[in-house]
């Protein structure tokens, strides 16, 4: 049986892989495009995203406003492009911070074991009891508007997921003989961790972190939909939906539906890419 | 043995809640600015009035004493006084609970029924069905509840006019009618999520030898799927119920905002906007308690789902 | 009259260059014990599973598998289920993985067979277990006890043919002997035909009336257990026997068979064993050998060992 299994499953998986590859590549291209737009958004916008052209308020697509204008007469295309910045750069920052901090905490816990491990793992468990969106809402209410508070809050909320993974990987990596060999040769723990252990666990951790991007985008756009954590005059997709909702209820859906589509497409594209990476990493590790 | 285990888990639960409440209270305490300025809402006040307010909210006590007073109050059912409404927090929460509770219940039923159903369909329905469910759940997992709300409002309220756009209604049938779209919006993301969890757990089971053995013994496929695949997949599905429930609860903030429902989520949102900290503290603690208590219940009931897991015995049974 | 007759069974899996089973011929008579011996990957498990109609995903088959006169590969699903319930049963390699861990042993035995509680109690006693195991869960029993449960479960439908796929490999040595003894007892008591799939030559010699030796999806040699092991005709059988560690003749060094079994991604032109065979000639690399009858045995080899001797 055991000898037969790989023969049985390989071709099926191969078929699946090629079938999904096209989807993966499409999503990768879309995600890359979105990141480019996020970086260049403010310069791409054909008009000032806050300039109000009241004559065009709630009009549909026209040469002046390719995707129409919202209730305040602001150009929807320009706001979408400008909104990409705040909508995407925030999640990227969250992924960055939570990964760095999570690896730090997780590797420390796993490497030292004993009470540091107990303390850090318990603390992480405690954090897991707080839904990320709740932490973000509380932080914004406490520490005010701006992207910093929600980004820090979400980094903190996602930290346990990364640190738990990093800790378990460290524990299993520590059992491998090659690490013991380095120790015998007199390398310091820090040197081993930085030069061997962290590079070895990095692919798995990064795959998990890339999955977190989608969550962060959802949570941050939820905050901006509620009008929390966004500096005034900075359009984000979430705040655009909030602005456009009453127009939608009166029968002018474009200014609310378009940012909705932007969120869904972006998150789905990033999720497909992240899942593909996680899949590939887990397959490579056996 | 079992009593001791339950006792230990209850103690752990209490410690978690104490630690969580400490975190919540500490975070609020560390917030920049003085609470009384929020209370006054920017109005000028005489020093006497300020002192009176500080005394009313115990703001002059040392931090730890403030925490103890607050925590003691929480234990006796006193969640503090709302600064915004100048009334007890507990009363505010109680008044908003029915609609939110109904909303969450309706969404939870949808999530469980549709999530497990779709997951099962994906796992055993063949490659085409599997792909269809995967695509569907991918979209669901990219659609936050407020986006779903906008979509549902546009189609069913604005275009078709079947459902109201705002409010939570009076009386149970009317409430259910009003909360239909909100509960769908709330359920969409978590349905996709639970379908993925169910599908994964069932696929794991399908790859196991005991399923092959069951088939080799001439059991009807229907029975194999129900008794050996779905049944065995319920354990992993049950372990995520705490996460699902607290996720549903916190998402009510968005759905209630989108549909103009005056529930718990809306209370949290408005309290955050005006920095009404006692309310924020109370609701935060409530959500954390809900998560930990649900997890405790799942843990205590797990031996019913999986006989390999005995209470008090750590096991790697999967 | 045979309970099992496999005629020219060929099986292809997607992504392989040659059939994983290539013209397998074998039969099991009523109440007979037959061993199917081979290295892992030789196709012996695929063959035994095909007898139950359990085919891997994407497999295509050719040839016939007849169990008690019914063609397994052509049966409608409901007829196939009925066959599995009543006529042919299988015991798997790892009993710990074979029983749903969340269900009681009693449930396992009677499921799909309403009203069979008495039969379950009777069989549990017959395989040497106490009645209380019926109310226990798999994790509460040892591997050997679970294999007894599997055997009891296989006997529930009073099958004519019992397929044993390496039933002792996952057990410790003392338990192995008990299970083998139990299977011999089952055969004696119920007159069940046994197809015993194993990589263990000694075990095959001990339990079987007849033996089939399989290599790379083909039957290399078959014959009565006694003559096949004392006078192997196929060089592969001889090499296998030489590579089996023995207690009685203490060898200085274990003989091994040089090389690897052929990869499934390469096509075979001649004899599958030719690259590893000491007797191979250019003919062996070009022409697949036809099976030839020698007395009671059959051997597929251009240069079979005359009269049979230990290599």
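The letters A, B and C name the chains in turn, as written, and every chain counts its residues from 1.
Here is the rule we go by: a residue touches a chain if its C-beta (ideal position, glycine included) is under 8 Å from a C-beta of that chain, and two chains touch if they have at least 3 such contacts.
For clarity, every value in this text was computed on a predicted model and none was experimentally measured.
Visitor: By mean C-alpha coordinates, which chain is most distant from chain B?
Guide: With centres defined by C-alpha atoms, farthest from chain B sits C.
Visitor: Out of B-C and A-B, which chain pair has the most contact pairs?
Guide: Here the pair linked by more C-beta pairs in contact is A-B.
Visitor: Can you give the whole-Å distance between the Cα centres of chain B and chain C?
Guide: Computed from C-alpha means, the inter-chain centre distance equals 54 Å.
Visitor: Using mean C-alpha positions as chain centres, tell me how far chain A is from chain B in Å, no decimals.
Guide: Here chain A and chain B have centroids separated by 21 Å.
Visitor: Two or more other chains touching the same residue: where does that happen in chain B?
Guide: Expected reply: 209.
Visitor: For chain A, which residues are shared contacts with two or more other chains?
Guide: Residues 1 of chain A touch two or more partner chains.
Visitor: Hey, what residues on chain C touch two or more of the other chains?
Guide: Residues 92 of chain C each touch two or more of the other chains.
Visitor: Inside the complex, what are the residues of chain C that reach chain B?
Guide: Result: residues 52, 54, 77, 80-86, 89-90, 92, 94, 97-103, 111-112, 137, 139, 150, 153-154, 156-157 of chain C touch chain B.
Visitor: Over in the complex, which chain A residues touch chain B? Could you list them?
Guide: 1, 125-126, 129-131, 133-134, 137-144, 214, 218, 221-222, 225-228, 238, 241, 245, 248-249, 251, 253, 256-257, 260, 263-268, 271-272
Visitor: Looking at the complex, which residues from chain B come into contact with chain A?
Guide: Counting only chain B, the residues touching chain A are 16, 19-20, 23-24, 27-28, 30-32, 138-139, 141-147, 150-151, 153-154, 157-158, 165, 209, 246-247, 249-251, 253-254, 257-258, 268-269, 271-273, 275, 277, 280, 284, 287-288, 291-292.
Visitor: Could you please specify the touching residues of chain B with respect to chain C in the complex?
Guide: Listed in rising order, the residues are 208-210, 212-221, 223, 227-228, 231-232, 305-308, 317.
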